[in-house]
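Look for subunit A in each of the two complexes below; its partner is subunit B in the first and subunit C in the second.
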Partner chain A sequence: MNFFKLKKNILNSLTHIILIAVSLTCLFPVFWMISSSLKKQSEIFTNMSLLPETWQFVNYKDAFLTADFGMYFLNSVIYTVVGVAAIVLITSMAAYGFARLDFWGKNILFYLLISTLLIPIPGAFVPLYLLLKSLHLLDTRTGLLLCYISGGIAFGLFLLKSFFEELPKEIEEAALIDGCSRFGIYWRIALPLAKPAIATLVIIQCLNIWNEFLLALVVLQDTSKMPIQRGLMVFQGTHMTDYPLLMAGLTIATIPIVIIYLFMQKHIVKGIAAGAIKG
Partner chain B sequence: MMKATSKEKTFNMVFILPALILFLVFNLYPLLRTFQLSFYQWNGIDKDMIFVGFAQYKHIIFNNPAYWKSMLNAGYITLLCLTLQNGLALLLALLVNRQIRGENIYRVIFFLPPVLSGIVVGLIWKFIYDGNFGILNNWLVSLGFTSFSDFAWLSEIKTALSSVAVVHMWKGFGYGFIILLAGLQTIPTELYEAAEVDGADKWQQFINTTVPSLIPVFTMVTILTILGAMQIFDLIYSMTQGGPAGHTDVPITKIYQYMNNGEFGYSTAMAVIFGLVLLIVSMIQLYASKKINK
Partner chain C sequence: MLKKQSFFKIVLSLAVCISFLAACSQNQEGGSGKSGNDNNADVVKIWHWMTDRQAAFETLAKKYFDQTGVKVVFETYAPTDVYKNKITAAASGKLLPDIFNPIADKRELASYINAGYIADLTDAMNDGWKDVFFEKSLTQNMFTDNNEWNVKPGIYGVPLDVSTLMIYYNKDLFTKAGLDPEKPPKTWAEFIEAGKKLKAAGIQPFVCGFGEAWLIGSFAASYQWSLFGKEGIIDTIKGKIPYTDKRWLEIFNLFKEMKDNKMFASGIVTMVNKDAERTFAIGKAAMALNGSWGVNVYKSMNPSLNYGLMYPPELPDAKYPLLVFGGDGSSLFVNEMSPRKEKAIAFLKWFTQKEQQVFLAKETLNIPSNKDAAQDLPDILKKFSESVNRTFDTLPVLEAWQVTNYINLNLQSVVIGEKTPEQAIAEIQGEKERQTKK
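Our next item is the complex of A and B:
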C-alpha cells in the first residue's frame, strides 16, 4: 500500500467516524422514545437501561383507547387527507389557469397569490382567530381546515405553475380542436401529466398539516376535534409523569410521518429544493 | 394558442377563483386586519374599538422590555444556529459530497429530525433533559459529574435557553445540510478540473471554486435559518412555555400570551414590529450577498 492510498484510507475512515457519530446523535432520541414507550412506568423511575426489561406492548393499546390518542390520530388523518386533497385540487386548477389561460390581471394576481412565500407574516394567527370567530367557525373542523388549505396555496401554485408551463402544448391544442372543453383538458390531460409535481406537493403538505400545532392551539378548544400534536400537549398537561404512555403517543404521532418520509424521501428533497429557491 | 375573447377571459377566471377567494379571505384580509388592529385598543369582545394611533407601538418600543428580551432570546438562538448549526451542516455536506459509500443513508438519517414535528421533538428532549428521570443526567453522573444528578436543565435560568437552542439545532441542521449538498452537487466538475490544471491545491480549489459557487445557496440557507429560528414556537411551547420567568420567551410566545389575555390590538402591534424586524434582516442579508457576489 503506497502513501497516498494510506492517506486516503485514513481520511475516509475519519469521514465515516464523524458521519456515524452525527447519525447516532440523530437517531438516539427517536430510539429512546420508542424504547421508553415499551417500558413499565416503574422502570422509567428506577433504571435507565437502553431496552425495556419486558416489552409492554399493552402501552400502545392503552394510549389508543384510554388516553384518547386513537381519537387524536383519526382527527389528524381527517385534517391531513381533506386538507391535502383540497390544496391539490384548488392549486392545480389555479396553476393550470395561470400557465395556460388568458384572463384579466393575470400577472399581478399570480405574484399577489405567491407573495406570502416571500414576505413573512408572523402572528397571522391573531387576525385568523378573529376572522373565524366572526364567521362562527371558531372551534370547528371546517375553520381549522380552511386555515390549513389557504396556508398551502402559495407553495402549491409556485410548484405546479412552472411544471404545467413545461408540458408540451401540442396535445392540449389537438384536444381543443377535437372539441374538448378547457376544464376537460385540465382534468383529463394536464392533471395526469403533472403527477410527479403533485406527488411532491402532496408529501410536503402532508408533513406540514400533520405536524402543525400553533393554529390547532389557537382555533380549537374541544378535545374531540384536536389533531394529535395538540392532543399530545393535552395529555402531557394532565399526566405529567406517565412517560411510557406519553412516549407511546409520540411514537404514534411519528409513525405515519416516518413511513411517508422513508418511501417518498426523493420527492421531499425535491420539494425542499423547489421551496428553497423561493427565497 | 388562440387569442381569448373577452367572454373567454371572464370564464377563464373560474380556474383561479377558489384559490383567489381563499387567498383574499384567509391571507390578505388577516394581513390588512393586523395593521388596522395595531392602531386600536380592543379586547376582541366589545363592540367599540378605541383608536389609539401609534400609542401601542410606542409602548412596546419604549416600555416593554419583556418583549425586547423575547426578541433577544430568539436572536441568541438564531446566532447559535447561524454559526454552529450551519457550520455543522456545511461540514457534513462537504464530507458527504466526497463520493463516499453510504451517501444516501447519511442523507436519510440527517433529514429525519427535520421531518419530525416540533411538539414530538420538544417532548422527547424534555424527557431526556428531565432532572430526575432524564438520561442525560444519568450519563453525566456515570461519567463522574455527580453534581448533575438532579440538575433541571430546562428550569435553570442559566441553561434553559441554551438547552432549547441545542434542540432547535438538532432538529434543523439536516435542512441546511440537504440544501447545501444539493448546491454542492450542481457545481460543474469542469471547474475543479480546470483549477487542477492551473495547479491549485485542494484548499485553493475550495476557496476559489467551491465558496463562490455556493454563496447564493448559502444566502438562502442563512435566510431560512433566520426566519425559522426567530419564529420558533412549538419547541418552546412544548419544553418550557417561555419559562423560567420569561427566560425562554420568544416573540411568537409573547404575541400568543397577549392575544390569550384578550389584548388583540396590542398583540397585533407586536406582530407588525416583529414582521418588520424579520423583513429588514432578510433584506440586509440579500443585499450583503449581492455585494459579495459582485
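Our next item is the complex of A and C:
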C-alpha cells in the first residue's frame, strides 16, 4: 500500500515539475515583455535581470502618445467586434446548414470552402488588392472587414459543423413537431447549445483579427483606419528598435485579448475538447 | 433560454450598429478606393519603409511646404517584406504613389522600369543634380548600354544615403588585452596577433552575423577584390579562372586561420546580425564587421560604448587594393504614371541638397548620399563616408546566385570546421560547372 502511495506521489510530483517547467517557458516571454517595458533602452541589453534598475512607467505614456494608440485601439476594437460577430453569425448558419440540411453538392461545397484554409494570406495579397480596387473598397474599413470575415469563415465552418452534427437530433425533431421553423431551431436550440464551440471560435478569431497586421497594411493607406498593430511598427526601425516602448505597446495591445480569454476560459476548454473529439 | 436569446440579440445589434458607424465614417472620409496615385489630391505621396526616419522626413516635408507650398506626405509601411508586398499589389493595380522604392535587385528593378512604373531621371540628373552625389551611390540605380535586361540606359533612382561595411573595434577591450586602442591592426598578421591577445585575455575577438550569408560573403569578397582585382573577378564569373585557383584557397584559409585561432564568437554561423550587434554593443566581443548603420544601433543599445573603426586587414601578397562592400543605400524612385511627376522630381532635388542631407544625417546617423554633406558629419560617420570611395566596383556581369550561395555556405562550413578549404573550393567549382552547363 505504502509502495503504491509513494509511487503515486512521485508520479504526481514529476508531473507537476514538468508542468511548472512548461508553464515557466510559456510565461517567461510575458515576464520579459513586461520587465523590458519598464527598462531604459540601454538597460535592455546590459541588465539581464527581470527587475529594472529604475522603473520607467513613463514608457507606457510615451508609447501611448508616440504611437497614437488611442486611434488605433478604437479601430482594432471596431474590426474585432464587427469581424468576429459577422464570422460567428455567418459560419454558424452555414455550419448548421451543412450539418442538418441535405442539398446537392453539399460535400464538394464544404470541402471547397475548407480548402481555403490552405491559402496563406500573403499569397492572396495581389488578388485581394485587385478585387478590392475593382469593388472600390480599397483603403476602406468595409474592405478590410470583408477580408477578415472571409478569412475566418473556413475555420468557423470546420469547427461548428462537427459540433452541430453531434447535437442530439431528438430535441430538434421535438421542436419541429411543436411547429418551430428551421431557422427557429437554429436560433433557439442549436446556437445556444453550441456555446462552447462559439466561445472557442470567438477567442480564436479575436486573436486573429486583433493581431492581424499584414493585410491591413496592404489594404489600407489612411493611417487613421489602421489597427493597433500598426502603432507597434512605429517603434521598429530598419536597423534598430526602441524595445522599451515596443514592449510597453505590446503590453497595452495584449491586455484586451487576455481579458477576453479570461472571460471565456471555461467555454474554450470545453469547445476545443469537443472539437478535438468530434472533428 | 430567454437570457441566451437576449445575449445573441445584443451581440447582433452591436455588430449592426458598429458596422453602420464604420460605414458612416467611410462616407465622411470619402473612402472609396482612394489610391496612392490619387488624381484629385494635389499632394506628393511617398511610400517608404524607414520607420526610424519618419520624424526627420516629416520635419523636412513641413519645411518644403513652408518654402514652396507643395505638400509632401511620407507614409511608412514596415517591415520591408510587407512594404514589398504592398508595392507589388499597388503596381498590379496601377496604384503606386508618386515616389516609392520597390526594394528590388537590378533584375526586378528592370522589370518595373520596363513596365513603365519608374521614371527615367537622366535628363533631370544631367542638369547638374547628379554632381551632388557620391558616384557609387548613383550606380545602383543606373543602367548602362547593352544591359542584359534591355532597360534604356540612364539613371532611374535618387539615392538618399549610402552604407559600407567596416570593422568596429572596442577600444576598452583592446586596452584590457594590452593592445593599443589607437592603432588597430592593419595587416592580416597583426589582426591574428590581436585576436590571440584578446582570446588570452578572455575576450571573444570577432563577431558578425554570419548567419546572414551576405555578410560572410561580403567579408570574403573584400579579399577577392584584393587578390583578383576587377578583371580577375570578371574572369572567374566568366569561367576563365576556376574557383580552385590558389587565391580562392588563400581566401578560405583566412577563415580557417581565424577559426584555428578561436577568433570567432561562439555560434557565429547561425547568428543573425541583430544578435551580433547586441554582442558587440554589450562588450562581449572586441571586433565586429558591420555596416555604417551600426553607429545608430550601438548608440541606441549602449551609448557609452567606446569604439573605433578599421578596414578589414590587408594581405601582404595582395596585388590590388582591398575594397569593402557598400556604396549603395536607400533610394527613392519616381512613378512614371504619376500626374505629379515633375513635382515629385522637384521635391527629390530639394531633398538631396546639402542642407537637407546634413539634417537627415545628423538626425538618423546615416551617411548622406550628398558628398558635400558628408564633410559636416561626426567623425565616425565621416570615416565611413571616406570608405565609400573604397567600395566594390560595379561589375558588368553577375555570378549565378546558386554559385554565390555555394560560396557563402562553404565559407560557413569552413568556419565551423565541417569542411577544409580544399573541399570547399572543389565543391564551389563543381557547382560553377553545373551552372555553366545549364
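The rule is short, and it goes like this: the second predicted complex is superposed on the first by the 172 of 279 C-alpha atoms of A that agree within 3 Å, B and C clash if a C-alpha of one lies under 4 Å from a C-alpha of the other, contacts with A are read in each partner's own complex, and residues count from 1 in each chain.
Keep in mind that, in the parts below, a residue touches a chain if its C-beta (ideal position, glycine included) is under 8 Å from a C-beta of that chain, and two chains touch if they have at least 3 such contacts.
Predicted model only: the values in this text are computed from it and were never measured.
> Using the touch criterion from the header, give the chain among subunit B and subunit C with more contacted residues in subunit A.
B
> By the touch definition at the top of the document, which applies to A:Leu214: first (subunit B), second (subunit C), both, or neither?
After superposition on chain A, A:Leu214 lies in contact with both partners, subunit B and subunit C.
> Report for A:Arg100: first if it touches subunit B alone, second if subunit C alone, otherwise both or neither.
Only subunit B is touched by A:Arg100; subunit C is not.
> For A:Leu112, decide between first (touching subunit B), second (touching subunit C), both and neither.
Once the two structures are laid over each other on A, A:Leu112 reaches subunit B alone.
> Kindly classify A:Gln236 by the partners it touches after superposition: subunit B alone (first), subunit C alone (second), both, or neither?
Touch status of A:Gln236: both partners.
> Quick check on the superposed pair: does A:Pro122 touch subunit B, subunit C, both, or neither? Answer first, second, both or neither.
both
> Report for A:Leu250: first if it touches subunit B alone, second if subunit C alone, otherwise both or neither.
The first partner, subunit B, only.
> Check the residue A:Leu262 against both partner chains and state whether it touches subunit B (first), subunit C (second), both, or neither.
First partner only, subunit B.
> For A:Cys147 in the superposed arrangement: first (subunit B), second (subunit C), both or neither?
The first partner, subunit B, only.
> Examine A:Phe45 and indicate which partner it touches, taking first as subunit B and second as subunit C; both and neither are also allowed.
both
> Do any residues of subunit A touch both subunit B and subunit C, and if so, which are they?
Shared contact residues on subunit A (touching subunit B in one complex, subunit C in the other): 44-45, 122, 125-126, 128-130, 133, 213-214, 217-218, 233, 236.
> Give the list of subunit A residues in touch with subunit B in this complex.
Where subunit A meets subunit B, its residues are 12, 15-16, 18-19, 22-23, 25-27, 29-30, 32-33, 36, 44-45, 48, 90-91, 93-94, 96-98, 100-104, 109, 112-113, 116, 119-131, 133, 146-147, 149-151, 153-154, 157, 169, 173, 182, 186, 207, 210-211, 213-214, 217-218, 229, 232-233, 236, 241, 243, 246-247, 250, 253-254, 257-258, 261-262, 265, 268-269, 272-273, 276-277, 279.
> What does subunit A use to touch subunit C in their complex?
Interface residues on subunit A, with respect to subunit C: 41-42, 44-46, 78, 81-82, 85-86, 88-89, 122, 125-126, 128-130, 132-133, 135-142, 145, 187-188, 191-192, 195, 213-214, 217-218, 221-225, 233-240, 242.
> So in the complex, which bits of subunit C are touching subunit A?
1, 4-5, 8, 11-12, 14-15, 18-19, 21-23, 25-26, 29, 31-36, 49-54, 75-80, 82, 85-86, 88-90, 92-93, 95, 278, 281-282, 291, 293-294, 296-297, 300-304
> Quick one: in the complex, what on subunit B touches subunit A?
1, 3-4, 8-13, 15-16, 18-20, 22-23, 25-31, 33-34, 37, 44, 88, 91-92, 95-96, 98, 100, 102, 106-113, 115-121, 123-125, 127-128, 132-133, 135, 138, 170, 174-175, 178-179, 182, 219-221, 223-224, 227, 231, 233-234, 237-238, 251-252, 255-256, 259, 264, 267-268, 270-271, 274-275, 278-279, 282
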